[in-house]
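Each in structure tokens, the structures are laid out below.
One chain, chain A, appears in both complexes that follow, with chain B as partner in the first and chain C in the second.
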Partner chain A sequence: MIGMTAWTKSRYLPPVLLVAGLIVTAILPDTGLVNDYLQFVIVSVAINAILCVSLNLVNGWMGEFSVGHAGFMALGAYASAILTVKLFPAAPPALLFPVAVLIGGCVAGLAGIPVGILSFKTRGDYLAIITLAFLMIVKSGLENIPYTGGPRGLLGIPRLTTVAWAYFWCVFTFWVIRNLVYSKYGRGIAAIREDEVAAEAMGVNTRTAKLVAFVTSSFFAGVAGALFAHQLQFINPSAFDILKSTEILVMVYLGGVASLGGSLLGAGGVTILTQCLQPLGTWRMVVLPALLVLLMLFRPGGIMGYLDWNWLKPRLRIKPRSQHSKLQTTMPLSSLQRVTPTPSISKPINLPPGSLIPDQFESDQVTGWRKYFLAAHPQAWRRFWARLIDVGVARFGVDFVAMIVLFTTGYWPPYETHPFLAFTGTFVVWVVLLMLYEAIMLASFGTTIGKLIFRIQVLHYDASILSFGKAFARSNQVIGSGMFYLIGFPILTFWTFYRGYKDLVTRGRSSWDAHIGSVVRCRPVFVLLYVFGVLLAVISFASCIIVLDNTKHEYSRIIRNQIIGR
Partner chain B sequence: MKYLAQQAINALQLGSIYALIALGYSMVYGVLTMINFAHGDVFMLGAFFCLLLIAIVPVPFWLALIVVMGATAVLGTLIERFAYRPLRNAPRVSAIITALGCGLVIQNTTLGISPYARPMPHLLDNVTYQFSGITITTLQIIIIGVSVGLMIVLDFLIRKTSFGMAMRAIASDRATVSLLGVPANQVIAVTFALGAALGGAAGLLYGMAYPVVSAAMGITVGWKAFVAAVIGGIGNMRGAVLGAFLLGAVEVMTVAVLPSTYRDLIAYSLLLLILIFKPHGLLGKPALHKA
Partner chain C sequence: MSALLEIRNLTRQFGGLRAIGDLSLSVNSGEILGIIGPNGAGKTTLFNLLTGIYPPSYGDILFDGRSITGLQPSRIARLGMARTFQNIRLFRQLSVLENVRIAYDSGLACSPLDAMLRSPRALLRERESVEASMELLEMFQLGSHVEDRAGDLSYGAQRRLEIVRALALKPTLLLLDEPAAGMNPSEAMQLTDFLRWVHDKFSLTIVLIEHHMQMVMALCDRIEVIEFGVRIAGGKPEDVKADPRVIEAYLGTEGELP
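Moving on, here comes the complex of A and B:
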């Protein structure tokens, strides 16, 4: 273990991994493992990640509200496309393309200067309006320039954006913005978000900071625009309207403000979800904003707002005082002195209903492999089986929903495209719905169907029902057991075990909620829920059998033809 | 001269529709200091409600106007209750994002239900009058008349009634006003209902004047009206009306002189110019920034 730690903490690991990634992405299209469609999705994720993290610099770290990002993107796209189509059509693409992307970025960056200067005096809503005006001026200006094709747009752009180039620019963007954000300048930018007057009083040059943020942000928007133009091979002004900006905003605020990992998560999640929801047509643009509104109501910072994964942060060179950061168990001192027997797993604790049990238990009570992820409840097996039932119920529920969609649209899930995509697509949808099921049930009833059977209630430490946000965060752990249920995901299963083990070692427990292992009062609504769950399971199980009967060929059309009879 | 007068009537027609929408933006901003990005889509829904109503029962114009205003008022109140009220004390950006999201949901739902632009049936028999060479239609008279009438009613409401007083008081200091016993939430809900009703009326009038209704209307026209509100100084009712008529005039003149593709360019450049020299609009007062 020590050797492994030393190896993972080596300073040479990140560059080696990144170069390996570059090599993999460079040879990936030639291996034939991924088809054109998958390559398109991967490149789109990379471009959106660049857009998302660069907008996050202004909207997240600096706390302004810019809606003009698509304008900068348009400038980069047009500048680079003019270079490759109009000016140097005969130049070798391997040389021309990086230069074109750089010049696209520089043009956009230059356009960021006036907006940055305007932001010295104007703030908040009025700055948002200025960026909106900038976007509309760029868009309608491009519509009126005959040289670039006017409203019809620029055609015949060579397809130069490969997976490797997209990967390279994405990594480069994240590297630059990470170093900026965690530098002194970046602290200054974040200070402007918190309080501009105080930041200025503490010696932050707010004008420089704002200018740096705006120019960097627009430079990378231009880079993304250039990549976008050479991916689609066709651009027109109406591709860069307010809807494009809104799409990027959705990614930023879904993933999380002021967070590198959040940008990655938002861009990847929204892009893949958009592709998976393709059969819904226009309605998928209803689902995403509705998701955004819900997220804003319950978790205003986005999924990872103001947080980041450790591997994305620059490493501290100073050793932390690790001895003090480890939490000791909080058993009362008196009990330790008197050596009272601790409650063991074979003896359930009998307490009157509603009384609190301390939420930390001696981890020795749970033995064997279970202790690595099941140590928070005095009767771990109860929790385990309850969760297994919940996963099953949610799984059947999802199948049921999927069947309904399948029958109505005839194209669910996109099995025809690629088996890998179909697999991951349904998996993502399943996990999201599972988390929502658990969180909604916990936030409204304090228990779920499985937990109800085993008489477990999950409550806040003050015995109130968990808020939706907390319940949603908690359901991350449920996914861990879901992974166990689906043995096909060894890495994620390992990760869950490892996290559980780590939390157990450092904090003495593996989850952060308090449990009340007392009897849940039986309310009529619970009985109804239970009946509903059983019905759902039976119906969906039956429908699954119908599907399995027809797995030989393209699912959707055949089933649709057979059942609906069209 | 005749040409100019003709264009002035066109500008008045466009300006009065912009003014009705811009008032909705401005009222909400005045009360909550929040940009209600969903307002343009409420305007769009006003036109669609009218289509739906006529498809079910053929009603006269006045009844349609009242029903559409009522429906959009209910919609506005619902949006306020379920999307904005939970965020009353959240950071401003959350509220803006929620508003954007609500607008997108409304717009795309409409797009999903009705993917193509639809023609608006005639509600009135359109008579053309000639005054010494200037043409004016019944429709134009009604549009300008209804808009100006609604604006006068609104002005009376805000300046002379106790509700208006409560609204202005909330705009200046919500916390204190709540402490003094004014039901702030109710007043805000009514403000939203009023703004949405005006937006719905504007949607109906716009659908009659330019007889095609599409889901993209909320963006093309709604955002323009928002620009008008900002030019006049957002939060200021009279400023919104001034900005709307100014924008209408500029747009009509642009189309008269230049190709119509320059319309947006000129409108937004005007916005940018005014914001550079008068950062809070023509009639707006600089907001107090509390540290």
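Moving on, here comes the complex of A and C:
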């Protein structure tokens, strides 16, 4: 999780994981572990993820509003289905299917060119109307072609979309779009969203960028359409109407605009949620739109709007420059004074007792996860008690959620399985809730309930409140250190005080005194301590939870009996 | 000294309004030219015509000896004409580094297919653009803010970033549209030092629109005065200061005063 820095930084890890995933998905259907229904859901998630990320290129990164995505999808579906049903029904499917999918994508991509050209001069609402018109042209065109069955549609398509193929195309799509987004063209596309005039003035050829965005987006919509046709084994024009576009739009705006991770979340979340809500009948149509309304109110960019997980971003290996070799030509001093605000980090801050203290600082001495728990804080005990209260709050949150779910459904998923899963399930919910709670509180208020009581405010190093992404990344890493604090805290405190004392003796001043929040250098022994601390913490947590969960398991059984008895 | 930029009989009509009327100017290479004039004189329109954002109704613009009239703005920018905007127009959602890289990337040859498949060539270009942009940002003391969103920077830093972004195009001609807007006199004088340093360091030609007279007088080698889209005076700063037509344009004639 955290101690795997060397592993996660390895350049071979992503391809190894991806190939392993491909092997697993290829074997999975034969093992009998997943039934047909589950396979259908998995393939649907993959197809929707392709649709979502490709639409995100236009609607998220470029900031336009295209509603014609189902039209491109239809072209891909029909082109590939014509190939497999009408033209080469006897060809070996292992050979034909990849070709059919590619051709489906190309046909859709070609159709993307005119729409892209129309976008040179039109923007916003007007472009949205053009894409709507495109969708209607495609749909009524297909309805009037007898060759493909007209409004009845194409029947008897072989079922060729396996889990492995869906996985492969999904990964390929994400890989290509990730490369594109983090390239010259992707930045140009984002610049168009921000300010088209400025983008042109900075040399971005907006026409090329728009064309690239539209063609790529429609190509992958076509690919998804081809996979879709060979999953359902039946397509008709009314499957690709405005409702289909809306469904993809919901995924994009729910998951997060201009975000790869958001596309994944949106597609997975919406697909799985619609499956889970089947028992609700018609009422399930209410849940998703209601969710969307709430999201638009509180987080208009979607869950991950404009953010992404670091592991989804490409890494660029660049030799680090020596930090302190100042360039010989810097700005004249007078202008330096004018525009450079004195960074708070270089200035020691004198804190009156009981004042709000900054929680963590960036430091170039220690990087990565180390800085999060090796920081020698002047008032570390306050932080410890604050953390303990927050952990309690999160635990209370889990109980609360469990109670609500239990009372409404008579069923709390983690308790209904194996005892081992029961406590790990609750534990995971707890940790996730703790992280979310910390991140949301820190991003919104700069403090959490526990920290508020002990008057600690978490600031970004330039004294501004953390963004949601930074807060989440921070809480992610702090959870590890939180566990560590429980066990390793006394040792750490002793060690840092010892370090400070030694500095004081040998150098005449303490290194962690000079800058508040300065960092003690990491030593191998700390890593060992850390691992030890985590292990102990997990064991102690687990024992607590087993006791707690046993009682709750009993409780859930009683309640369920009552419900059944009624 | 040869003329880097030559404007011949440039005219721009907006409906019935003549924003620029038959304007002829030339900018020598290596000089700092100030363009002044009252509000609504057509100064920013002139910049928009030069950078190709508006096509001229009539007339010709020669840049480095070739006509750039009717070219796409991005093409003109890549030929070496960079600009900043009166109201800062950074890509606010994007990081400081991305802002600079967008400008730097435009000069790099890399096909969309290269970019999508992340070919060795694309990687080479990526590295080059990061390194060059970082170097530029460090030179302008923005190195500690590379990951920050451009919109989160302080006002002064945003102004500076806009200039860095323009310099990332490796321009020969830099058009600055009111760089001292919103600054107090002492800040404006510091900006003067800063701009002179930029001018010398990057061996640029600078055309500057500015209302801050003290700064224009201190910085510019030559000044052109525009009113209602027509050039009314021009020459050395001292001469322009004393020109009765300029005083009239700014203050009105004696008769109009109450």
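Assume the second predicted complex is superposed on the first by the 312 of 566 C-alpha atoms of A that agree within 3 Å, B and C clash if a C-alpha of one lies under 4 Å from a C-alpha of the other, contacts with A are read in each partner's own complex, and residues count from 1 in each chain.
We adopt the following convention: a contact is a pair of C-beta atoms (placed from the backbone, for glycine too) under 8 Å apart; a residue touches a chain by one contact, two chains touch by 3 or more.
Keep in mind that what you see is a predicted model, and the values were worked out from it rather than measured.
*Asks:* Looking at the overlay, what does A:198 touch: chain B (first), chain C (second), both, or neither?
*Replies:* Both partners.
*Asks:* Which partner does A:31 contact after superposing on A: first (chain B), second (chain C), both, neither?
*Replies:* neither
*Asks:* Between chain B and chain C, whom does A:314 touch in the aligned arrangement: first, second, both, or neither?
*Replies:* The answer is second: A:314 touches chain C but not chain B.
*Asks:* With the two structures laid over each other on chain A, which partner does A:183 touch: chain B (first), chain C (second), both, or neither?
*Replies:* Second partner only.
*Asks:* Would you sort A:216 into first (chain B), second (chain C), both or neither based on which partner it touches?
*Replies:* Second partner only.
*Asks:* What is the shared patch of chain A, the residues that chain B and chain C both contact?
*Replies:* In chain A, residues 195, 197-198 are touched by chain B and also by chain C.
*Asks:* Report the residues of chain A in contact with chain B in the complex, numbered from low to high.
*Replies:* It is residues 59, 63, 65, 118, 121-122, 124-126, 128-130, 132-134, 136-137, 139-141, 143-144, 150-151, 195, 197-198, 241-243, 246, 249-250, 253, 257, 281-283, 285-286, 288-290, 292-293, 296-297, 300 of chain A that touch chain B.
*Asks:* Looking at the complex, which residues from chain A come into contact with chain C?
*Replies:* Chain A reaches chain C through residues 176, 179-180, 183-188, 190-191, 193-195, 197-208, 212, 216, 306, 314, 316, 318, 321, 327, 329-332, 334-341, 343, 462, 464.
*Asks:* Considering only the defined contacts, which chain C positions touch chain A in the complex?
*Replies:* 51-53, 72-75, 77-78, 82-83, 85, 89-94, 98, 101-103, 105-108, 110, 112, 115-118, 122-123, 125-127, 129-131, 134-135, 138-141, 144, 148, 152, 154, 156-157, 159-160, 165-166, 169, 187, 190-191, 193-194, 197, 201
*Asks:* Name, in rising order, each residue of chain B that touches chain A in their complex.
*Replies:* Contact set of chain B toward chain A: 29, 33, 35, 83, 86-87, 90-94, 96-98, 100-102, 104-105, 108-109, 111-112, 115, 219, 223, 227, 230, 234, 259, 261-265, 267-269, 271-272, 275-276, 279-280, 291.
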